[in-house]
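Per-chain residue numbering starts at 1, and chain names A, B, C and D are given in the order in which the chains are listed.
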Amino acid sequence: MIKVAILGATGYTALELLKILLRHPEVEIVAATSRQEGSPPVSSVHPSLFGRIDLALEDLSPEEVGRRAACVFSCLPHCASAEIIPRVLAAGAKVVDFSADYRLDDPATYLEWYGHQHPDPSRLGQTAYGLPELFRDQIRSADLVANPGCYSTSAIVPLAPLVKSGWFELDDIIIDSKSGVSGAGRQPKMMTHFPECNESMSAYNVGRHRHTPEIEQVIARWAGVAPRVIFTPQLAPMDRGILSTIYIKPRRVVSDAEVLGLLRDAYAGERFVRVVDHLPGTKDTVDTNFCDVTARVVRGRVLLISCLDNLVKGAAGAAVQNFNCLFGLPESTGML
Amino acid sequence: MIKVAILGATGYTALELLKILLRHPEVEIVAATSRQEGSPPVSSVHPSLFGRIDLALEDLSPEEVGRRAACVFSCLPHCASAEIIPRVLAAGAKVVDFSADYRLDDPATYLEWYGHQHPDPSRLGQTAYGLPELFRDQIRSADLVANPGCYSTSAIVPLAPLVKSGWFELDDIIIDSKSGVSGAGRQPKMMTHFPECNESMSAYNVGRHRHTPEIEQVIARWAGVAPRVIFTPQLAPMDRGILSTIYIKPRRVVSDAEVLGLLRDAYAGERFVRVVDHLPGTKDTVDTNFCDVTARVVRGRVLLISCLDNLVKGAAGAAVQNFNCLFGLPESTGML
Amino acid sequence: MIKVAILGATGYTALELLKILLRHPEVEIVAATSRQEGSPPVSSVHPSLFGRIDLALEDLSPEEVGRRAACVFSCLPHCASAEIIPRVLAAGAKVVDFSADYRLDDPATYLEWYGHQHPDPSRLGQTAYGLPELFRDQIRSADLVANPGCYSTSAIVPLAPLVKSGWFELDDIIIDSKSGVSGAGRQPKMMTHFPECNESMSAYNVGRHRHTPEIEQVIARWAGVAPRVIFTPQLAPMDRGILSTIYIKPRRVVSDAEVLGLLRDAYAGERFVRVVDHLPGTKDTVDTNFCDVTARVVRGRVLLISCLDNLVKGAAGAAVQNFNCLFGLPESTGML
Amino acid sequence: MIKVAILGATGYTALELLKILLRHPEVEIVAATSRQEGSPPVSSVHPSLFGRIDLALEDLSPEEVGRRAACVFSCLPHCASAEIIPRVLAAGAKVVDFSADYRLDDPATYLEWYGHQHPDPSRLGQTAYGLPELFRDQIRSADLVANPGCYSTSAIVPLAPLVKSGWFELDDIIIDSKSGVSGAGRQPKMMTHFPECNESMSAYNVGRHRHTPEIEQVIARWAGVAPRVIFTPQLAPMDRGILSTIYIKPRRVVSDAEVLGLLRDAYAGERFVRVVDHLPGTKDTVDTNFCDVTARVVRGRVLLISCLDNLVKGAAGAAVQNFNCLFGLPESTGML
């Protein structure tokens, strides 16, 4: 059994992670941290885990966590994560970081989008980006994996094969995404107060969402040039799920079959990317680690449609997939 | 035109009140108060009113509000309301109070259920209870009306004719109510955070909800004795609406037709109580001032089922109906 | 009082129309048709109208309807509508048609998108398109008005001022729309079965939705050339509301202020189009006849965001606005 | 590996069953039946299973199914189930029946509540009732298990220990239940059409729901006398989950602690019944096989509150738990 720990275990991604780990045959959860006083049981903040986990929320030092566990999942917010992770790594544990702290290669980009100096800049550009379907080799040999943003995965998975093909313009990629409310976290605020967001759709952070540079950076790895991405996040009145509708312009006439062929070739053998002919709905992927994608040519543009569960393939499921990579287990262990 | 003002205009009941008043042919809204700084426009906190109302949120004294308006609607929380209303009344305005402060007759009961001394005890027992279908005469001659609790109206409307009939036991009345989330107000908190309460049903404040003594007090007026009410509030994943299922035991065998007859006789001529044969859903009453009720005899017990919109008949609609009573207007003015 | 009738009164748009008309001070509803047997009361299919309308659903001839009413609202499905409307017009009534039958100018386009020969082709190209903000003059002098599609209004309102400006490319307009489920009508089907569409987002009719040629045709009136529109309709888990996110490419560098200025200039004085600075949510417009629009420049593209209630500004509210135009009433009569 | 088959595999309970079985370490799914033509893949009707199951929907005879599988799960509707199950049993398979056909002991009660003669009356009264927490011994030695109704489990689990205690009146048990919409099945109909039931709560089948005699029969086993149950099912706007609020009258004064003690004693060691101190919400149990229960004494009555997922502990999870019993496996196999 591989000993694992969770930093910042009170939010939704941590809850989802706990649920997956409890089913994982090779894992023993040895610690879950929180700054709450008095070491309350995990189930006191996650009543759905009542009777399923016998663990207290502890306020532990990073060193202690790193000593206890072979792998540490950090569900801390960005900035806090990069302050603690170096100490966890130094204690000998591997780390999967849910925050954005190690996703970007360039400290200047981090400063621009996150508004503060990166606490651990030397690891930027050195950290594996945790999309195993695309960066499996780097992940396998890593100590630290940056788990991708939920929107980013929904965009990069369908876009990657098209970008690699060279058939498409990269200066006018439009990503129109709709997310369930759990993506906004567990802290109550007006925007996510039930009577405000229920029965409503609205855009937010238009042109300013922090997953934009992350998507552009990953695309640029294959593109050679800096792509130009317009990314519009929107809040949908549902718990979970992201539907991304992506518009990209081909350099020549293409057919549905050709584009679907690119996707199928790229993801043949991948367990968690399903290239489908029908138009998928987010519900097809909820509570699973699947990302469903399809494509249509409409009036000369290509539409890519992708769905995933923002808490699973967009967070905790991807993290466990990365964990499986890090420890040489079959990637789907614990997730089918 | 009758000049009206709203105290505490940033919440959901105030928004609903504004929407109704904007359509009311005899009303001019002259003030809306809030402690926000800088007198922002009402539409800055209620974007649905953008372009519909040209009024700023002002931090006004009760005296100033009472001077400007002939009728003041207080949407302040309990306790705050009873501290301010005497000053508004003294300034010459009539008042409809949305809070619980003037609903109970007895300061000791208030202290027991609300946990503090009543700031204006002399008006308790003297204040009209704002259910015009039952207390129209008192309301018409009042200066101050206590707008009923939303659950209370959903329970009292169907129960009143049965209690008056003398056919029923009063020591074992069970009220099982389900409410939309707007009933919990506009302040974000964990219980009403979308991913917590969406797709879930749960009970809260079992045996301790403050509408219990209010319901009992009103029933006692006809019963002669103190009834015993078990009231269970439950949160349903929807914006608005209350469904109350009430179980009451007859002293003799009764039929559906007899009980429906009691209801029909009591509410013949009432515009806003609809006695129906079918099983009503809350959606039938949403955005209206109607309370729909029906009855069934099941295994010797009588079931009463009632629906209403907690923000309209359960709050702002009732308040305007009371206002219409206070000023001698047809009760449905502005609400059909 | 102007006598009005409704053809096909059992669906959601008819219900919404009835609700608005019941509040309209100049209207008397004299007939509501349906092929149901036995002339049941309207409230038997619309329980929310119980006690509010004393009218039966009748199976009347178009001639009879046209004789009884000065204005007839047709909520019949496309094709059925164009078979009946000529007979209603011949009987002397004016008509507002909710269906798509008179929206397109060209019978060939109709055949292509609707799959059958138009039953009344001579009126195509002669019929007023019912967007008063843009085509008020034609509507005022018309006998027949084609009420626009709900998605079409959400797209055309924000696009029109930009297209007229001449500043934008018209061969690459992307309209990504999200609609509540009531837009799919009242006939139960798998796609709109609660457990299928609740908690899910999905695209449908990609590249094939019938509002596409309608949007293109209206834009072409100002553009001179045929625009190329990519329109993606998506189903959101809510009752009502459309959020359209529109991507259009300027021919030169533009600012947020310039684009908002185009919108504000175009709709100055319009009661039902609100140009706002904030990002509007569909809930801001639900149950109202407003269309809220805003704009943002993102990486050289212009984003337009619009919201409306598909059953009001997208259907019944627009119809009453058209009715008010047809009969020389202030356009907002009955709708504020 | 134990070979299993599913009869009637296109609905929601079958989908849930498939999801659980795919994770079950001791199970091989060898057949899934449906009357659909052309043997389409299971994933064509359940897109969430795309890539997860390689099985076609076949139109097989009961004998063929009984020969292929050691255990057959019947998700057929009542009546159809009892016509087919005897032939499956004769072919040598064990059966878990999701329908109501084998739940009642008495053919006359079946006729009264289901409206037709039972096709296989000799097995009534001989069939194990599939609530392992209460009838484990009978299930273990059975060939046929009647999986309980979803509401029934939510009522019987909390009631059983109280009834057994002898402390409570049994002639006045009130069960007020609220269910998610998936409980109504996958066939689209008006009541479950999204715009009808979303944002609404309503009661249905008041006094006539078929789980009533099932609950009474099970209670009578311990009570000695026939209890009198008033059961009110209500539809809540959510996919899954049942919240049952139960009111039962003690014969003497009892405390919260005593009633919770009865529950804790009864379910000590049970993996899937969680007796909790807090007020549980349905979301705590969604996607799990748990039934959460608590109790409160309110004004002399006892309130029991229970939650479960109608598709898991209320259907497919219970079925797999029964299967595990039938085949001597640990009861939680495949479900934690």
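Please note the rule applied: contacts are C-beta pairs under 8 Å (C-beta built on N, C-alpha and C of every residue); 3 or more make two chains touch, one makes a residue touch a chain.
All values derive from a computational prediction rather than experimental measurement.
When the C-beta contacts at A-D and at C-D are tallied, the pair with the greater total is C-D.
Each chain gets a centre from the mean of its Cα atoms; the one farthest from the centre of chain D is C. Per-chain Cα centroids separate chain C from chain D by 46 Å.
One inter-chain figure worth recording: chain A and chain C are separated by 39 Å, centre to centre, where each centre is the mean of the chain's CA atoms. Computed centre separation for the pair chain A/chain D is 36 angstrom, with centres defined by C-alpha atoms.
Touching two or more other chains at once are residues 180, 196-199, 237-239, 280-281, 283, 286 of chain C. On the side of chain C, the complex with chain D involves touching residues 12, 180-182, 186, 188-190, 192-199, 237-239. Touching chain B in their complex are the following residues of chain D: 172, 174, 176, 178, 180, 196-204, 206-207, 228-230, 232, 234, 236-241, 243, 245, 247, 249, 279-283, 286, 296-301, 303, 305, 307. Taken together, the chain B residues at the contact with chain C in this complex read 22-23, 47-48, 50-52, 199, 271, 274, 276, 278, 280-281, 283-288, 290, 292, 336.
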